[in-house]
Amino acid sequence: MIKVANSEELEQLLNRLSQDYKIAAPVVKRKGRKERIEYEYIDSPGEITLERQPDSSPKKFFLPQNERMEVEVAGAPGTEDKQKTILFGVRSCDLEALKVLDDVFLDDNYIDAYYQQHRENIIIIGLSCSEGKPSCFCGTLGIDPVKNDSAPIFLYQRGDRYYFKVYDEEYAYLLEDLPEGDEGELAEIVEERAASFAENNFTLDLPVPLPEETTFSAPFWGDLAEKCLGCGVCTYYCPTCYCFGFFWEQGEKSRCWDSCMFASFTKHASGHNPRRSQDQRYRQRVMHKYSYHPENYGRLACTGCGRCLDNCPVNLDIRSVLKTVESYLQEKGGVKSG
Amino acid sequence: MENNYKKLTEEIRGFAFELLKDGKVDRVIGYGKEEYSGEVTPLFITAPDESNRLIFNSECSMLLAKYLLNYRESRVAIVAKPCDTRAIASYLAENLLKRENLVIIGINGCPGITGNTACIECTVRNPVIFDFTAGEAIDKAELSPRVANELEEMTAAERLAYFQEEFSRCIRCYACREACYVCYCEECFTDSNQPFWVGGSVKLKDNFTFHLMRSMHMAGRCINCGACEMACPEGIDVRALPAKLTRVARELYNYEAGMDPEQKTLLTDYDVNDPQPGFLD
Amino acid sequence: MAETFLPHKAEILKITQETGSNLNIKTFRVRFVDEEVMKSFSFLPGQFMETTVFGVGEAPFGFASSPTEKDFFEFSVKETGLVTEALHNLKEGDLIGIRGPYGNGFPVEKARGKNIVFIGGGIGLAPLRSLINYVLDEQNRGEFGRVQMLHAFRSPEDTLYNYDYSFWEGAPNTTVKYTIDNPAEGWEHLVGFPHTLLASELECELPGTKFFTCGPPIMIKFVTEELRKMGIAPADIITTLEMKMSCGLGKCGRCNIGHKYICKDGPVFTLEELDQMPDEF
């Protein structure tokens, strides 16, 4: 089913939805000398900008940087957030990233109560990308920036026209006020955009998962990570990085983001550190995304969103790293994945 | 006299080529471009043929001097902006590097870095220590550094509000710390739990603890290069507090860090006549 | 049930000061406050628990008692960091938090009907003790072949579980040997690192023997390599790794080595399995 709106109707729709739901969407935020686009809860639809990919991923809605686990003793109820959230304007890279988080936190053998609660309380409306940015490469990784059926509703904007493709009829009621649209017009937009993304010239021919032993013991890690400062920027901006730690505050246990880029992440109380140098830590990050997670869950843990590069203080580009891995493995020849 | 980037780049490449060809150094640390993004990035080269990958332009923001700490035992040439040379001078003053292992290719008449607000306060536009220089030196008389005093003019309450707003955005990625030449501690106080200094939350109180404590460690060492601010992905005014301490050191003790490899560090050089405002009065 | 990472309350029934003059090691005997939790609780030797000192933090410890003990369980703690120090400051009757058990545990079933060699080093004896006391338990003793043990300590003051020795030594078809690093007055047992004593003090060639070893990383490396050199099949050499396990469920990422998570896929591995893993422990 397709529903259409113009910007005025969209505003009316969001105003109506905001009576029953909290609405989060990309908004422009002034951050000191930087102007950023972030996902935030909004007060009025006028704040929303769909202009470009937001600078931070919507990860924080599902895995907050700090999350209180209420009290320390088991059996305590979590806070039930009664009002659901509509998370508006999530692009393919971030939708695919959620699948990685689902792999981990909604594992068959283990369900993370906190993550599950957020996941159930948030209805996502996806957004079709109209153009890439210099740092993103989702297409190279087999992700379609133009259309994605993993959100119940997926939005295409062209000028003043908004086309909502409803993938999950259960959520069609959200758009009941809007008239139905024409499949043909939408197909046209998809085709147009697919053509514009086809120009992407970054190609990769990597076995997935990367062969663990061969890639791990490759000689290039020291050179590739030479400039890595060891801050946590790439991991904190990454839509799929989920490593976490616990901390205590006045007897209450909380969970917080942590980063494999930090030396303290793996350092034992005895002082022993299994990953003592930065190249080992950088290797861990790349291997986890391109070898270990695919090995365990059959999915790359990178969606090519490019935020690691956009925000890296030394502009370390994961594409150059992957290219080096590619040519090394090709040189080695016949290396089978896994 | 104006320096142009093309000429600076050519000169740097020439020095790097000769140094590597003659085996004077094992490695040159400079700036290059990432292949796919075209962004400026630190570049480490070991062969003379790679010299033509070196560049210099107004985007060369990273403070390369810090990488020298990774190569204490090998012979390294480094492309050094004046602020890099100050960091190097500080490292030498603290006996962290061996001068004989270092070849410094200094940038003369540094035009400043795009987006780095520290550059408008900069009074050191020529290298303080070097073996070679690229570009023409700038006459100090031509400089009109502006001291940012907006914060000084605020009331205490306004300043508090300002820093609350700034530090509330901190995500504790520690990019400021890792980019800073001073932050070379084996273990940062943020990672210590015995004693326990700063909590794991990104609440304002923990963010304040981090930035205030880090700033205090900068006293008499910060060279006001702006690397912290340039590294911050959240656009936080990370430099304001250490820069204030830098000004205090200059005003009270006529001290500027990193001006001379022979200079004593501020906190190891005590004179009974040193002013001690606020101390036991 | 959905995982909340929250522990159950457990009472400290007994604290045994194992060593003190060199290394400070205590053994804690605990039981869950909630009888239902205690009744439904079971674990395997080699598994571990996450122990919370309320308001301080959490740390992983291996079970040191045999699962045949139904009224309590034990773990041993060397004072090393924040959490271990806080644990050492607790008294009998105090409450702590415990969640678990986590990890795979020793392959007890594969050892059934086999001869067994235990090689322990320092506090690495703790997880082995869980299996030793299980194997030597009257109910189970008949199901295992000959049991040989070689336990290494730094010095006579650092021996652990002295109160178990008469039980171990008196068990049928069982030999127990002890060694310390350097000669000491009054010490009547062996002297030297355990890997140097394997050939002379143990009958390693007995067919169908399973070797269980745990100790400091360096000891594990030497012992397992020595056993390999002696021709023991890597699949028969079993050890347990220590990493900074935090969540216990293979999620938080600290103990990730290759595609394995030590807390979930381990901490017990055969040498054959370790050979397949990146060397990052």
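Letters A, B and C name the chains as they come in the text, with residue numbers starting at 1 for each one.
Operating definition for what follows: a residue touches a chain if its C-beta (ideal position, glycine included) is under 8 Å from a C-beta of that chain, and two chains touch if they have at least 3 such contacts.
Keep in mind it's a predicted model, so treat the numbers as computed, not measured.
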{"item": "Graph class of chain-chain contacts, one of line, ring, star, complete, other", "value": "complete"}
{"item": "Of all other chains, the one whose Cα centre sits farthest from chain B", "value": "C"}
{"item": "Chain pair with more C-beta contacts, A-C versus B-C", "value": "A-C"}
{"item": "Centre-of-Cα separation between chain B and chain A, whole angstrom", "value": "33"}
{"item": "Centre distance in Å when chain B and chain C are each reduced to the mean of their C-alpha atoms", "value": "49"}
{"item": "Inter-centroid spacing, chain C versus chain A (mean Cα positions, whole Å)", "value": "40"}
{"item": "Multi-partner residues of chain A (each touching 2 or more other chains)", "value": "245-247, 267"}
{"item": "In chain C, residues with contacts to at least two other chains", "value": "57, 81-82"}
{"item": "Residue ranges of chain B in contact with chain C within the complex", "value": "193-194, 196"}
{"item": "Complex contacts: residues of chain A adjacent to chain C", "value": "69-76, 78, 104-105, 110-114, 116, 209, 212-213, 216-217, 242-248, 250-251, 253, 255, 258, 260, 265-270, 272, 274-275, 280, 284, 287-288, 291-293, 295-296"}
{"item": "Sites on chain C touched by chain B in the complex", "value": "57, 81-82, 85"}
{"item": "Chain A to chain B touching residues, read off their complex", "value": "31-34, 36, 65-66, 134-135, 202, 223, 226-227, 229-233, 236-237, 245-247, 249, 254, 256, 259, 262-264, 267, 309, 311, 313-317, 319-320, 323"}
{"item": "Complex interface listing, chain C residues touching chain A", "value": "2-9, 52, 54-59, 80-84, 97, 99, 217, 242-244, 246-247, 249-259, 276, 278, 280-281"}
